[in-house]
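Some structures to go through are shown next.
Heads up, the next two complexes both have chain A, just with different partners, chain B and then chain C.
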Partner chain A sequence: MKCIDFNGITKQYFVKGKHSNGKITAVDNLSFSIEKGEIFGLLGPNGSGKTTVVNLLTGLLVPDKGKIRVLGLDPLRDWKRLRYSFGLVPQESPLYPELNAYQNLEFQGALYLKSLKEIKDRVEHILELVELKNRASEKIKNYSGGMKRRLAIGKALLHEPEIIFLDEPTLGVDVQGSHRIWDYIKMLARQGKTVLVTTNVMSEAEYLCGRLLIIDSGNKIAEGTVDQLKSSLGKEEIIIRKKPSLDDVFLHYTGRTLRD
Partner chain B sequence: MISDILTVMWKEGKEIMAYLSGRSKLSPLIFVSVFGLFLPFQMGKIWVESPMVLVYSGWAALFLVNSIIADSFAGERERYTLETLLASRLSDRSILFGKILVAVVYGCGMTWLSLLIALVPVNLMHGQGGLLLYPLTVGSGIVGFSLAGAGLAASAGVLISLRAATVRQAQQTLSITTMLLLFVPVFGVQALPYGWKARIVEALTAVDATRVVIAAIGLLVLLDIGLLAIAMARFKRSRLISD
Partner chain C sequence: MKRFLLILKTELVSISGSVPFHIIALLSPVMFLFIFAGDLKQDISFPVKLAETIPVKQNMKEEQHTAEPNSAQFESNRKTGIKKHPVPYSGFFKFLLSGYKSPMGTPYFLSGGKLSPAEIIEVKPVIKTDNQLSGSLILKIKDVNANTIKNYRNRLTGGISAYFAENFSGRAIRINEKRVYRRDPSWVSFFASSILVFAVLFCGFIFGSLAFTREWKENGMVMLKLSPVSSFFLLGGKIAGVFLKILTAVVIYLFLSVYAAGEFIFYSAIPSIITGCIFAAPIGMLAGLYFKEHLVSFIFSLVGALTLWVFGGGFGTSISMPDWIRTASGLNPVTGIVNSIRISYFGGSVSLTDYLYPFITGILAFFFLLFIYDTTIHRPARAVKTKKVN
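Up next is the complex of A and B:
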């Protein structure tokens, strides 16, 4: 069953600067779909349009062209219904640094849950899940990058959404922290939730994602499972390295030029 | 919508309290000491009877709101919390009103607190056995002026903060706007020809003082409503993200 349908979407930004004036195409006639319960990876170099895709799916941006359906609903027209159905973990920490972990989750709970008891129970459960119960009364500004990331994921899960959007979930997190976050994501998929992960980390995509979409400059470059993408490389390269890594696949499709 | 506004106010209030209990914990204390103790002690009876206290209440509320309102949206943008706030199920109005109301409550609350504390030194030093209180008309004026002043700063501040990239940028724009708002009428009146000034003074003294106060509050309220309407019209989620 299709959970997300992103159909022929184009999104342009108007850029006004000292040296450049005009429109930048962030997403260019891009189409893909995600099945329910799938972990779908969106890969691309910096500035390739991954965050724009997430913002379009959550209804934060308006597409210039094309049609988006999330759980059969329009993110712009049906935003109020849809926002109960997804959790968002943006690239940067979405936590209030002057508040503690409990208060951050309490605020999220107050937005989505009905009773004070329900809020308290869910907050306690999430703090246990992300292993921050003993640090719950500490201000976020004192947290490490990994702790912030875990709590941000917990915040997105608090209202038990059907879909989770994770924008570079392990950015700046150490190996242990990254593996713990991967465990959470795998757990979500086992619970039947649909997960969209954007990432630059090929090992992450390889470990987590059932299907991948590689984009560059807002265009679709390649799509498929990890095995399909690996086998799509030419014979010549397979001779050089028996089994190419996902890093090789990514670099093959997007090149080695720095984007920023 | 009311419960959503209250939820936003709760979050904003916690942030303000955390901010004030941190590095800035001295500023409210200094404010209350100067305007709740020092000045009333020096001015004595005039503090509770003169219409000057009305000007003070409007100015103080405006100043207090100015000190926190720049953070409303620019701060969320700077801390990267704006995206998830806008992606939540909260309506545009509940976010906007929640942020404005919490600033008004803070500005008016602190102003009224300092004015209440001011009664202590005034009565201790100048009470002469009786109880000095603000007359009903002055008290009503205080409430009106402080609410209108706080509302003006909050709606103008939110409008500026909506488009500012950083809190510093919002604060600078807000400071310049406030200075223009306060000084242009003062210098403008001074620049008028002598005859005009005399006519204005004559007109003001001929009119009942209560009417002047009501008219001034009414003018401020109209400005508040106008700025609030502009802020509501300019609150576009997609523009806030792409900006």
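Up next is the complex of A and C:
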């Protein structure tokens, strides 16, 4: 059984504005699937629909057409069961700056776990995992961007979900912090968890992901492993550079135009 | 239960993230109290106009109450019209000073003199014709707490009306004294009890709204939306935190109000305070859920609390107000809270409606909050009918 099945999904938003008055299609008849234990990358420029896909998978949005199955369950109908099965790290870290790391994790534990002992044990474990144990009593507003991101990942892992959705996990994080976060993600996959990562950082996608889906304006552009995508470029590209980077692949499929 | 306490604990610890709002919520009622109590501890004068002044005609008999007729003072007053003198006891003013008494037998207006808490200082000539009297007098009250209560104006007007009714036939004026409270409170105590209601309302609205505006601001709403725990559990934890914050603010206010009122006055007002918390907290949380921003919620809290409090009798009962204000006051749940707090301290008959109406309104507000939160935040939106993909 596929872990995630995203089948023929269309999602439109109604917008009113000076330059637009009508519908914007965020996702247009998009289909993909993810196997259990896979790190799957969703690549796209800004506004391509990556966050919309994640929100649809978690049940935060309702699709206009199509069918979504997560662990064989419908995120809209079976939400009570499914919410224990996945964790989300949104683009903006949901952390309370006036609380410390311990208090942030405790509150998250109260939303998911059953007993106080279980909460305390898991909080200690997560602080060890994300290497914030020695700074756990400091308020989050004093944390660096990388520390906040690591804590946000820790929050998503607190209830031991099977699936992790990470929406641009290294946004605003320096190189060292990014590499540490990548290590966590790799470790999650080794533990058998299924990971969906959205990103527009090519090196991140190249390092982490087994398979990738490139989308633009809600449409599937290309799908495959990193090597398959690189091989899909024509001979003339190879003449220019001996070894095209994933950046080259991405720009080939999505173009260089700014998305504003 | 322990998980519930974790949610409650998060609400309390989050105070440090919005300290200015908490300080304003705490200090505003205290400032109100000190401003009004401080102002009214100074001398105040209440002009009372009996009727429109009519032109003096040659055949009118003139009465002067500032000096004996044919005295030098009388002549001087006749020429200048107005003089400020302590009033001797004669006729009309003698009646006011000793004749007009409360049902308990205590004269409302004590005799003049340096130590007297009140003094009639200014009189315009009372012109008497065959069937009309006109004039004005000014009563100077030197000590608000000793010689006046909330219906001081009614007492003075009542005294004047009673005098005319007794001495001039055809006046159909009757003064019926109805005591609302068992004892006459000082102005400061009276106002302090009323301000307590404002404190509960304002704190309830602000702290309630902060429980959700904080979540919107810090993107915590996403995690609440994805949480599997029941809405009732989550809202219960948050509202318990709001209650604790209101009660803490009230206790601080009570101790500060001792310096203004000179007495710790609210030991018997606990049922009213709790009723106020039950009324205000869910309404504040609804505001926070809807407005999403600290500042907008703050403005709502201030305007809402002031409006409900003023129309609930915060400055005084609505008995002498226009009909529409009396109607609004009758519909306002806060009126019951204000009444019950005053009666709990000053004595009198409490009506069960004063407690029940705001209590039931608060419970309904909580269940409305639960419904809105559950359907718009906690549960996924209803799925549209999806087409099967072949």
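Assume the second predicted complex is superposed on the first by the 259 of 260 C-alpha atoms of A that agree within 3 Å, B and C clash if a C-alpha of one lies under 4 Å from a C-alpha of the other, contacts with A are read in each partner's own complex, and residues count from 1 in each chain.
The rule is short, and it goes like this: a contact is a pair of C-beta atoms (placed from the backbone, for glycine too) under 8 Å apart; a residue touches a chain by one contact, two chains touch by 3 or more.
Because the structure is a prediction, the values reported are computed rather than measured.
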Exercise. Overlaying the two complexes on chain A, which is it for chain B and chain C: clash or fit?
Worked result: clash
Exercise. For A:77, is the partner it touches chain B (first), chain C (second), both, or none of the two (neither)?
Worked result: second
Exercise. So, A:88: does it touch chain B (first), chain C (second), both, or neither?
Worked result: both
Problem set entry | Contacts of A:146 with chain B and chain C, given as first, second, both or neither | neither
For this session: Using the superposition on chain A described above, determine whether A:58 touches chain B (first), chain C (second), both, or neither.
Result: both
For this session: With the two complexes superposed on chain A, say which partner A:154 touches: chain B (first), chain C (second), both, or neither.
Result: neither
For this session: Please work out whether A:13 is in contact with chain B alone, chain C alone, both, or neither, and reply first, second, both or neither.
Result: first
For this session: May I ask you to decide whether A:169 touches chain B, chain C, both, or neither, giving the answer as first, second, both or neither?
Result: neither
For this session: Would you check which partner chain A:107 touches, where first means chain B only, second means chain C only, and both and neither mean what they say?
Result: both
Problem set entry | chain B versus chain C as contact partner of A:116, first or second or both or neither | second
Problem set entry | Residues of chain A touched, compared between chain B and chain C (which is higher) | C
Seminar exercise, completed: Residue overlap on chain A between the chain B interface and the chain C interface 58-62, 80, 83-84, 88, 90, 92-99, 103, 107-108, 110-112, 155
Problem set entry | Interfacial residue positions of chain C with respect to chain A in the complex | 2-4, 6-7, 9-10, 13-17, 214, 218-220, 222-229, 234, 237, 379-384, 386-389
Problem set entry | chain A residues touching chain B - in the complex, by the definition given at the top | 13, 55, 58-62, 80, 83-84, 88, 90-99, 103, 107-108, 110-112, 139, 155
Problem set entry | chain A - residues contacting chain C, complex | 7-8, 31, 58-67, 74-77, 79-80, 83-84, 88, 90, 92-99, 103, 106-116, 119, 155
For this session: In the complex, go through chain B and note every residue touching chain A.
Result: 4, 7, 10-11, 14-15, 18-19, 22, 79-81, 83-84, 86-91, 237-238, 241-242
